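Next up is a structure, given as structure tokens.
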């Protein structure tokens, strides 16, 4: 029973981080039609900045918000400097096929990831950084017993839930949120309504950048930070979006939690080297039964 | 006319073989080793040229298929005692089968769903090595190599160094791969791949069986990847660290930089991927940079090149040359 | 009776739009008079939709001029053309099915929110009065509406941006005659009451010519006739040659 509870709580906590990553990926996919493989690179970079601030005596929360700002700035920069010029390029024959038009931004994001990782290496010499948690990371005591989760786990889940609530309110109740939804669903009608779809796209990148920094900040106390540690999290987060449905924000979140729990259970009841096999099995089952993902919409399956 | 094509391809292959062989005789050992890695990357990148360049499907997991080839080859050599020629052929067959399985799954997916699945596969397959440690040797891996150069070669060419032998042993396979690739490119199969890439719906309306073509592409691409993986493994070791996710990404990078749509592009890409770090070191060595900068400089340059290529010249070096040539005819 | 500061006329001069090698618009010239309904009719493939799409910025013209309110629209993005007072309702009653009716209408008013907050509210109320059926369904997803309702919704979205020029592309497509009648009458009333300039593209020449002031007949990308509607309607030979009846 103790094992089960540990698995559940650890899975929920890590699942909430994957949910955040998935959120960022779905945002950019819906807003810009791109899978941003550089996302965790942005997270890693902003977390390094935060960690440097803390090393220089600033408080956790200042570092926290600076990291979010850096992530947002990176996201915006990627859209303005790379993605916009990319989508403007219609002349080249190689971009004639829809398959290539989808592939090319992926390759670009891989390039950006490489740049971010090497930049981090150059600036911080790939030092493994520790990163503090703002609350205790020891098992909580509850009625005299030590529970299999910590105050920090609750902190993480709490922040992710708050983020989800804020994003949902933003998308459903604000004008900008409506503009973003409209641009993602039908850019032509959106433009004819006077919506500046390219600015909206940049906003998607910016918000996604903030979300990914958040994920980076929340995951690092439990993992040491170095230029490559977050790669795996991106892959798992991406799998979460595929399972949940690439164009669905709630789908990505659900996918994140599912994966978190699956990985946790595999870790506890089997061995860590089975994790990717389990993920692959889950992925294949979902895609076999529902190729568009759990909450995905049918038309998006084909590029 | 078909015969004429084949002769042309045979000629190109012979020229290729001769040039590389000659380079193998005159280069220093370090660069001989680099050149054999180039050949290996060349074959690996060809798998991407066919899959992505010709057929428009994206795979982030070609490294995993290389692992299949490498492990099969190693297992056959170690457990069945076959020589490396036979083992490589079996390894390629195994990769063809793996490609077929992969193709059946993947042909139903497109774009990001395909990318995601191949990515997870790229991680799952090497982790098998740890799962079944006794068979696959876990993290440490299995040791195999090309063995010693045969008598007839050393008596014909003179004494053969270690790296030189690696190069000479790899060369025939790379040449065969080149010949096959040249033929496939211009064949009817190649044309139907391009049709599927550019306009799936239109292609299916003209009677092309899109699903079958996609699966076939995966099979062919996997064959090339498996061959590359086996050649890579025969350099000494087959293990998870030999086929990391960065290998899949390096193949993709080389393909894009060199030119996704041509065989020449695949070779240029291989040269770039292998020699870029050396080149950067040669240029920056005299600048006295701090180690933390020089360590990451190749990766940084590669990333920047990738972005510049994709934004300014998506057709890669080969595409750019082709364009230049046709404009100045 | 003050002097108008800006001339709200739409002037098209020698407009050429190409799709690859095909010239969809081959030197189109005409003027849409302010406050009047000008209808653009012609057979399928005559270039009518392309004309509207070029005006609204969705398509790039190859050469020629489009002048609206004394400013050229050439090269401008659709978003900014909307902001200069032109609303385009594309064919196929372009609504976003996954959004609600209210959201679809709201979309059209977003860009005005910052400067015309109170007027936006007013505009939305007016549109609800115009199409009460939509008001009833305001929380429903647009995908659940009937064809006629969707067309009304698309027009509402356009109207809520308070355009001075309304581009309507084949509003009758796929709709029952009674519904078409309703919609065309509503647009006609709007034009007469508020001075809205309307450029109406229609397959159904009769319906269009019944309410229009002027008619432009297109064939294969060229203007074949540019006449007051009554004259166009009466000209049997033109009708036979280009409209097939």
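What to note about this one:
Going in written order, the chains are labelled A, B and C, and every chain counts its residues from 1.
Heads up, the rule we're going with is that contacts are C-beta pairs under 8 Å (C-beta built on N, C-alpha and C of every residue); 3 or more make two chains touch, one makes a residue touch a chain.
Everything numeric in this text was worked out from a predicted model, so none of it was measured.
Taken pairwise by the contact criterion, the protein chains link up end to end in a single open path, with no chain closing the loop. By number of C-beta pairs in contact, the leading pair of chains is A-B.
Distance from the centre of chain A peaks at C, each centre being the average of the chain's Cα atoms.
Per-chain Cα centroids separate chain A from chain B by 31 Å.
Averaging Cα coordinates per chain places chain B and chain C 56 Å apart.
The mean-CA centres of chain A and chain C are about 43 angstrom from one another, to the nearest whole unit. Annotation for chain A: no residues touch two or more other chains. By the touch criterion stated above, chain B contacts chain A in their complex at residues 52, 56-58, 105, 108-113, 115-117, 119-121, 123-124, 127-128, 130-131, 197-199, 245, 249, 252-253, 256, 260-261, 292-293, 295-297, 299-300, 302-307, 310-311, 313-315, 319.
Within the complex formed with chain A, the residues of chain C that make contact are 56-58, 77-79, 82-83, 87-88, 90, 94-96, 98-99, 103, 106-108, 110-113, 157-158, 161. Every residue of chain A that touches chain C in the complex is listed here, in rising order: 175, 178-179, 181-182, 185-186, 188-197.
Of all residues in chain A, only 29, 35, 82, 85-86, 89, 92-97, 99-100, 102-104, 106-108, 110-115, 117-119, 121-122, 125-126, 231, 235, 238-239, 241-242, 246, 271, 273-277, 279-280, 283-284, 287, 291, 293, 301-303 touch chain B in the complex they form.
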